[in-house]
Amino acid sequence: MARTISYREALNEALRQEMHRDSSVIVMGEDNAGGAGAPGADDAWGGVLGVTKGLYHEFPGRVLDTPISESAFVGAAIGAATRGMRPVAELMFIDFMGVCFDQIFNQAAKFRYMFGGKAVTPVVIRTMYGAGLRAAAQHSQSLYPIFTTVPGLKVVVPSSPYEAKGLLAQAIRDDDPVIFCEHKAMYDAVGEVPEESYTIPFGEANIVREGEDVTIVAFGRMVSVAAQAADELAASGVQADVLDPRTTSPLDTESILESVENTGRLVVVDEATPRCNLATDVAALVAKEAFGALRAPIEMVTAPHTPVPFSDALEDLYIPDAQRVVNATKSVVQWQR
Amino acid sequence: MTETLSTPAAGELNAEGLLDAYRTMRTIRVFEERVHDEFATGEIPGFVHLYAGEEASATGVCSHLDARDSIASTHRGHGHCIAKGVDPVEMMAEIYGKRTGSCHGKGGSMHIADLSKGMLGANGIVGGGPPLICGTALAAKQQNNGGVGVAFFGDGASNQGTTLESLNLASVWNLPAIFVAENNGYAEATASTWSVAADNIADRAAGFGMPGVIVDGFDFFAVHEAAGEAISRAREGGGPTLIEVKFTRYFGHFEGDQQAYRADEVANARDKLDCLKRFRARVTESGQLESSALDTVDSEVAALIESAVTEAKAAPKPTGVDLETDVYVSY
Amino acid sequence: MLANADAKATVGVLANPASGRDIRRLVAQASVFPTAEKANMVQRICGALGTLGIARVLMSTDLGGISAAVLRATRNRRASQSPWPDLEFCELDRFTETAEDTVTQVRRMIDAGARVIICLGGDGTARAVASACGDVPLLPLSTGTNNAFPQLREATVAGLAAGLVAAGVIDPATATQQTSVLEVRAGDRVELALVDVCVSTATHIGSRALWDPAALTELYCTFAEPDGIGLSSVPGQLCPSPRTEPTGVVLRLCAPEVARHVVHAPIAPGLVLPVGVRSWRPLRPGEELPVSADHGVVAVDGEREIELRRGEPATVRLRADGPRCVDVTRVLGIAAREGWLRDSQQHQ
Amino acid sequence: MTDERIERVTMPKWGLSMQTGKLTEWLVAEGDVITSGDDLAEIDTDKIAGTLESSWAGVLRKFVAEVGDDVPVGGTIAVIAPPEVPDAEIDTLVEQAREEIASGAIEDAGGPVAGSVEVGGRNIRYTSLGSVSPAEADPVVLVHGYGGDGDSWLFVQEPLSAERTAYTIDLPGHGASTKEVGDGSLRMLADTVLGFLDALELERAHLVGHSLGGAIVTAVAAAAPERVASLSLIAPAGFGDQINADYLRGFASAGSRRELKPHLTALFADPAQATRKLADDLMKFKRLDGVDKALSTLLGTLLAGDAPGIDAATLLEQVTAPLAVVWGRADQVLPVANAEALAGRVEVRVLEAAGHMAHMEQPAEVVAEVRRAIGGG
């Protein structure tokens, strides 16, 4: 039954249940157990944020600590996936894609096409993204749009503990390579999560809230920001239809278009920097496919075109917040030619 | 005489094995020389990188491998594909960009693969293969099936971080992985004596806590024996090995390379060191095989490659319906 | 330093880049001798020779990086450091990257006046040098794998001994010792061995090294020392034959289960294995024995070299005219007696 | 200390997950005389909209909540009192109630309590509401239909709990119970209900079943008549020869909200009730591991080809307990024509404004019929 647990616990539970369900599931990453080769306790960390905690002892030999060699172990996860395993590799910060991107986008993503449809590479790369922990420019980026541009990858941005568990289980069972982007500021967020295993299919948006006046599409942590904004808007009589696409690739274009056909207005909230991100992607989609339904220009609420700043004073300005979403939405709703 | 033929020394091939090895090397050679000739006519699209001269390496290593085992290759991958059992007829069609090719014309020369045979693909990225092989070796270890992974890479890739990270990871995880550094002297046009700061690629093994050996890459028997030792060691849980195979490629880096950077080493190698010539001389002098048996293989291989080219030329190209398929398993 | 040193005193230094890389690293954890250390040894030799006032060193060149490292070192030497002899590099038009490179370079060194050849390598390297150095004294230093012949000795000390011999202050006949060699003939092919000749049932040269005793049938040794490494350690533990004696020893080998004697011998670094011996007897200088096997491979000094052809007889002969090797201990003993490395005035 | 003649009308708890409700419409006006059972207000939860029935009597003196307000469960939304209670006292109470809501101090006091028992090797989840002991009054057990769960009784469980403890159970393969359903037979399902009564040591109970649940409670009554005090059937399966096989198969096979939503309109008289939100909630259930298999197995029980696979009418012939049957006129799953199979046995109450989910669309009428059966039919 549903009980309230954290995003971190939901991810841990998904890994545990999938490892029980399927012996080919292994996890690997820097300090995924923690303490390899050290004199103290094994399983000292369970990942840098504790997502894999406790799995090391429960699944002997299936939780692998790695050297700090992202290319080698991400590549190893991909290689193992071609030989019957379902590895879940943890790329500690999404920012570190810079040191292993070749293995992801030139190898894993292309095998199936390049080899004429004869490759199956069921690898999951879990990675932590997003700003808010004062982690500065190299540990705070929202780089999921880059992965989204790569054909052959599936990209997941869970917005709640419920989504985190079901989407991770689906990612592990999926036969394609999946980039699973966890927002670092959400690990302690709590929500209702069934105890049983379940999967959430990719490419199906969640209707977070129903409304008739404006569509707000938000990704990852921005879903809760959008929901908060929608509550405030409701108080002033604006009913927003809030959509969480859950995955950026595949993208549930149908639900987005269906909603905009109904509301005629669109606001997209994306924590990524503004060029070539999911906001521009959704805006382009709607402008092309639902132009006739639009009653106002599309608004995009994103981070500015800067690296993520360190100082809390700056970082708080950097991250889109509910007030900016409210303002953008009001401007769309109140827009007149 | 019959006694020695039926009872080879430990680790050595019997007559059938020798004939198979010869057939593989011969197939690679004729395949590559034919691609060289056909490329010149302009009918083959894109880039091709030919393996001629290096046959003993792929053949000497892969003759120890079976279905449990996997290999990763390089942009110079035709030889590895043939040695691991990929069908040369489908390969030729792939090189011509045809729908009947190994990858339905979607991969081309640099991406021929057959995962069902443990061939993880030729690889257009220098240093792309070693991390993958850590993974296939890990899978074999997890599945406890005695399988090994073999990463073929060149002297150029020996300087890539991926390769060095993989050597380290393979040692840290004690993986059943074999790293075969095929040192043909040049990374494109840059000499390995200049670009490899260690004096031998094999010397780097010591820094990663694994054995590193150098073998004569023109000598099938030298490669076969060293690879056999490394592979049986890996199968038994002994961990990874780095084998540096030294030789010369007969053609340029890619077809069209004028090779102004090279001296007369190719002529010397073709004349004095050639793996096929030496193989033939030695197995006939030792009485293990009759010349006529090798001649038969030669004519069979010639016929095979001839029909591969004929079929490839006649085969249809992929069409628009093929453009957007095979990106994902599920959409 | 040596007041009576010949102004033309020249030492040849041959360093083999390929030694210490073969399959024994894989099958027996044999040592890996780094190229950088070989280059360092050459520099320590040069330092010793320079101190003695040796005029010139002829240095081999290679593609493995040893000569390159030495060249870099000469360019980077500071004025405050003690002078080296003039360093000349023997350049080859083309490297075959085989023993042929070694042989060619040693011949050139001797033609250019080298009075002593120091060689860095294992038994294989020493053998190649020995085949080319004629009467010029040889000082083999171990950097290889199977080192029954060359010595493990600090290069500085070896440099001093070589320098004293090259300087002409000591009679070569006193300073050196003539060794024996084994000559193998199979048809038109001839190979020399400094330590041992062994016949194996293996069909091919393969990766050259020998490590499987089950395949061995015959073993000939120029000497056999109880503390040796390699195949000569088998007779070394059964019927020792000192290096200083002109006779050698020949053994018939067989499977341990049917052998009269089983010797647990260090036949390669890292491998102490049971070797079955059916019989043995001394081998006299000049004595030529037919190889009884009609097929297989003949290994010299632990490396497979000759693939036997059907119906082509092979023979092994012990020759007394092997290379003259510098006896470092004796040379430096004489130096001590004569005070060549002393400067006594200040204490009088 | 407030006058004990004053009654607070509070936000009900419809289902375990309900924490607040939104008042969307008052169906009475201040000053109206209210009797128990009157419709007071329309309330929206995050699951479904429903009508609050009065279990109080008196004059509705004052609204506390206004239309549009979100009020926590247990929060006072209106005050009912006899006319003689002075206005000042009422005003004081209203003030107090508004402060309670604003301060967030409302505690979730009432509402169903969840539990689980082991029946036939399966974990069966149930909820109970009300504190009347079985000795005082036989409890009522509410059994949901195919694809539903105990929460579907949210508008029925609370009113019934005033007189007796009201239980809901999640059938095998549903809700939070074990998803494994074995052969999925009617016998297994009926045994589960009996096993539930045993596990809770309930000697006798009034059984209420919807749809497949209707067939199940009929089977229980036939197998163990001494355990069944009365039987209430809402759009029960197993009567008549009409069944919407397309709906059932569509529901079972739908893999996404978009696939499921069109089928859900078949459940209600008012298609607007089939919201994306309802579809999302059902998808949360359908995504659980094992549910696909359970639903497909149970489909084999419900259907024989395109025809009904259950015969409950024959079972009902053995039942002597008091009986009530309710059917929605607009039922598109088990059409009301099936009610003819009961002609002569019982007078079927047909609800004009309801579809298959009559207990959600017209709960007051359903409650009234259940009470009629409990009262002896």
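Structure notes:
Going by the order they are written in, the chains are A, B, C and D; count residues from 1 in each one.
Keep this in mind: a contact is a pair of C-beta atoms (placed from the backbone, for glycine too) under 8 Å apart; a residue touches a chain by one contact, two chains touch by 3 or more.
This is a predicted model, so every value here is computed, not measured.
Counting steps between touching chains, the shortest path from chain B to chain D takes 2.
Common partners of chain C and chain D, by the touch rule above, are absent.
Greatest Cα centroid separation from chain A: this falls to C.
A comparison of C-alpha centroids places A closest to the centre of the full protein.
Highest C-beta contact pair count among chain pairs: A-B. Taking the mean of the C-alpha atoms as each chain's centre, chain A and chain D sit 38 Å apart. Between the Cα centres of chain A and chain B there is a gap of 40 Å. The centroid of the Cα atoms in chain A and the matching centroid in chain C are 66 Å apart.
In chain B, no residue touches two or more other chains. In terms of which chains touch, the assembly is arranged as an unbranched chain of neighbours.
Listed by chain label, the pairs that touch are A-B, A-D, B-C.
The touching residues of chain C, counted against chain B in their complex, run 17-18, 21-23, 25-27, 29, 32, 34-35, 63-66, 94, 97, 200-208, 212, 214-215, 295, 307-310. Chain B contributes residues 70, 72, 101-107, 111, 113-116, 118, 120-121, 123-125, 128, 130-140, 142-143, 147, 149, 161-162, 165-166, 168-169, 172-173, 325-331 to its touches with chain A in the complex.
Of all residues in chain A, only 1-2, 162, 166, 192, 194, 196-201, 204, 206-207, 210, 254-255 touch chain D in the complex they form. For chain D in complex with chain A, the touching residues are 17, 114, 125, 175-176, 179, 255-258, 275-277, 280, 284, 287-290.
Residue ranges of chain A in contact with chain B, taken from their complex: 24, 26, 61-62, 64, 66-67, 69, 71-85, 87, 102-103, 106-107, 110-120, 151-152, 154, 174-176, 203, 250.
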